[in-house]
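Structure, as structure tokens:
Just so it is clear, A, B, C and D label the chains in written order, and each chain counts residues from 1 on its own.
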Amino acid sequence: MNAPDPTSATRFEPQDPEFAVRVRASFARQRAMTLIGATLSLVEPGLCEIELPWHEALTQQKGYVHGGIIGMIADSACGYAAYTLMPATASLVTVEYKINLLAPARQGLLVARGAVVKPGRTLSITSGEVYARHAGRSVLVAATQQTLMMLPDTPDTPEADEVPRTGAE
Amino acid sequence: MNAPDPTSATRFEPQDPEFAVRVRASFARQRAMTLIGATLSLVEPGLCEIELPWHEALTQQKGYVHGGIIGMIADSACGYAAYTLMPATASLVTVEYKINLLAPARQGLLVARGAVVKPGRTLSITSGEVYARHAGRSVLVAATQQTLMMLPDTPDTPEADEVPRTGAE
Amino acid sequence: MNAPDPTSATRFEPQDPEFAVRVRASFARQRAMTLIGATLSLVEPGLCEIELPWHEALTQQKGYVHGGIIGMIADSACGYAAYTLMPATASLVTVEYKINLLAPARQGLLVARGAVVKPGRTLSITSGEVYARHAGRSVLVAATQQTLMMLPDTPDTPEADEVPRTGAE
Amino acid sequence: MNAPDPTSATRFEPQDPEFAVRVRASFARQRAMTLIGATLSLVEPGLCEIELPWHEALTQQKGYVHGGIIGMIADSACGYAAYTLMPATASLVTVEYKINLLAPARQGLLVARGAVVKPGRTLSITSGEVYARHAGRSVLVAATQQTLMMLPDTPDTPEADEVPRTGAE
């Protein structure tokens, strides 16, 4: 499940040379990322990073960032890592993810890093980590593993009259 | 992993008779739940429900509720289900959760239901479902399984000078 | 994730009326089940049970049944629960599973029960529990959640010259 | 979740200098590993590898190694990776694991590699991969993420009159 080390991130060859533009446009449509204040900080073939500054509005009862918020940015970072390798005409849905919360995030900047473990015709597998950076330190706060499903020839945008599609139908 | 059927939810005996007050006060401190518009709709021994109306601000790129948002309310519903059975002096942290996304949530009301599978001295296991209710129909949109860890004699509130504690330390 | 209660197990309509024969024949080809001594004790639409008597050969270092063995019977019980609902010409592969081990199994009979949460054209989701029965008591020892993928028009038997297929390709 | 690269495996400092002897003795007591033919091929601080030759007795209905068997060696490899870092007087139990099956294993040698992501006082988190080696090729067949719980001052051996202990009690 080794995430690729940064220098080897180009081991995956994207099918769509415009993958980064496509990923950034899709991310920009994720209203939920805007709501929490997350931004897309890195897009490479098979690799994405999302940054999220700590904010009181994101906390749970003890003042830490809510585990579900950490799950959100991990899910999106991993999903977009896989999406970089998809054909331009496909859409991608999260089938499932599992996340371990390892340490509380009480301040600083959260960085979620998603990496493709195995890209696939139908299913893709990713793994990711979330770090909290503060005062020159970086602490691992979460580790995740995720399964995604490609929907071929399916737009990645809302459609007025679409028939909703997920893998589990 | 059968969630208890609603009529048998009292199979668990809470240690703290004031569990519902404690759970509601803790939920009210979850700023992240306020941010997304989620409310606590049911608190029974070993059982909690959280409701979240669809809102455009919660969506991913196709206009469905973001899978991470669904994970958030599932995580909180399951966590508070376990918290109902904890002693009044304990705090509870999510160790990990795994969630399958089964159908898109494009409108209506999301209802996350968490139930205790096995309460424990140290670890508790829960399972949950998230339904989308719209126009008289209820569709299962997610299923989750979660592990939590009790921190005995630990306040459930922020502390100025606390040493952060999680199980994974 | 409510597993169907036993009396409602017929809520799923099998596509193949001969599903039970097909499931039993497939199980009989699972040499790994023979190796550990597991048998198929129940096959209903969307529901399967596998039984495994405790045996010293199945243990880990402390004399309990190895958690991986518990995972094996949970994986098979859930997989065959989903397979009951598949067309006769399809094969089914496990995409992933997650299992919580809740109590040690040191003696008696293990019973793994798998139930379909959501059957699908491509992906199916199941959940399951494993119980240890001994001296008139039944103890919950594991809870699992699983994702499977249907391979249409693919034999469920070994083929000399097959091209291996999994979802993640 | 980056597994440590092999050259940096010594980033963890074992508490027990005799960790390798202790791990090998514990593995030798796992009768289930003997049953399937698995051996412990590498023990380093925070890192373990288990090898398992393909054998027809390990297969599922299509002649591939059963996914549950792959889960078994992944669970043990990850668990022993964590056990290398535990004090000599502690025992360790698997709380849960999640495994994605990525490709069928139809022949050759399976190698499960487990690595510590975060060791802890109470909980430890690991990740692992399973590879199938055949004819000079190595194919990734599974990726896993696991949670373990340390039981302090608890023997790692069977006891005649022990009170069974797991985290979920």
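We adopt the following convention: a contact is a pair of C-beta atoms (placed from the backbone, for glycine too) under 8 Å apart; a residue touches a chain by one contact, two chains touch by 3 or more.
Note that the coordinates shown come from a computational prediction; the quantities given were computed from them, not determined experimentally.
The set of chains in contact with chain B as well as chain C comprises A, D.
Two copies of one chain, chain A and chain B, touch each other, and the residues they use overlap strongly: the shared fraction of interface numbers exceeds half. Looking at A-D alongside A-C, one finds more C-beta pairs in contact between the chains of A-D. Chain geometry summary: the mean Cα position of chain A and that of chain C are 31 Å apart. Between the Cα centres of chain A and chain B there is a gap of 22 Å. Per-chain CA centroids place chain A at a distance of 28 Å from chain D. Across the assembly, chain D contributes 95-96, 98, 100, 102, 118, 125, 147, 168-169 as residues in contact with two or more other chains. Residue ranges on chain A touching chain C, taken from their complex, read 95-96, 98, 118, 120-125, 147, 149, 167-169. For chain C in complex with chain B, the residues that touch the partner chain are 1-3, 5, 98, 100, 102, 117-118, 125, 127-129, 140, 143-145, 147. The part of chain B that touches chain A in the complex is made up of residues 26-27, 29-36, 56-69, 71-76, 91, 93-104, 106, 156-158, 164, 166, 168-169.
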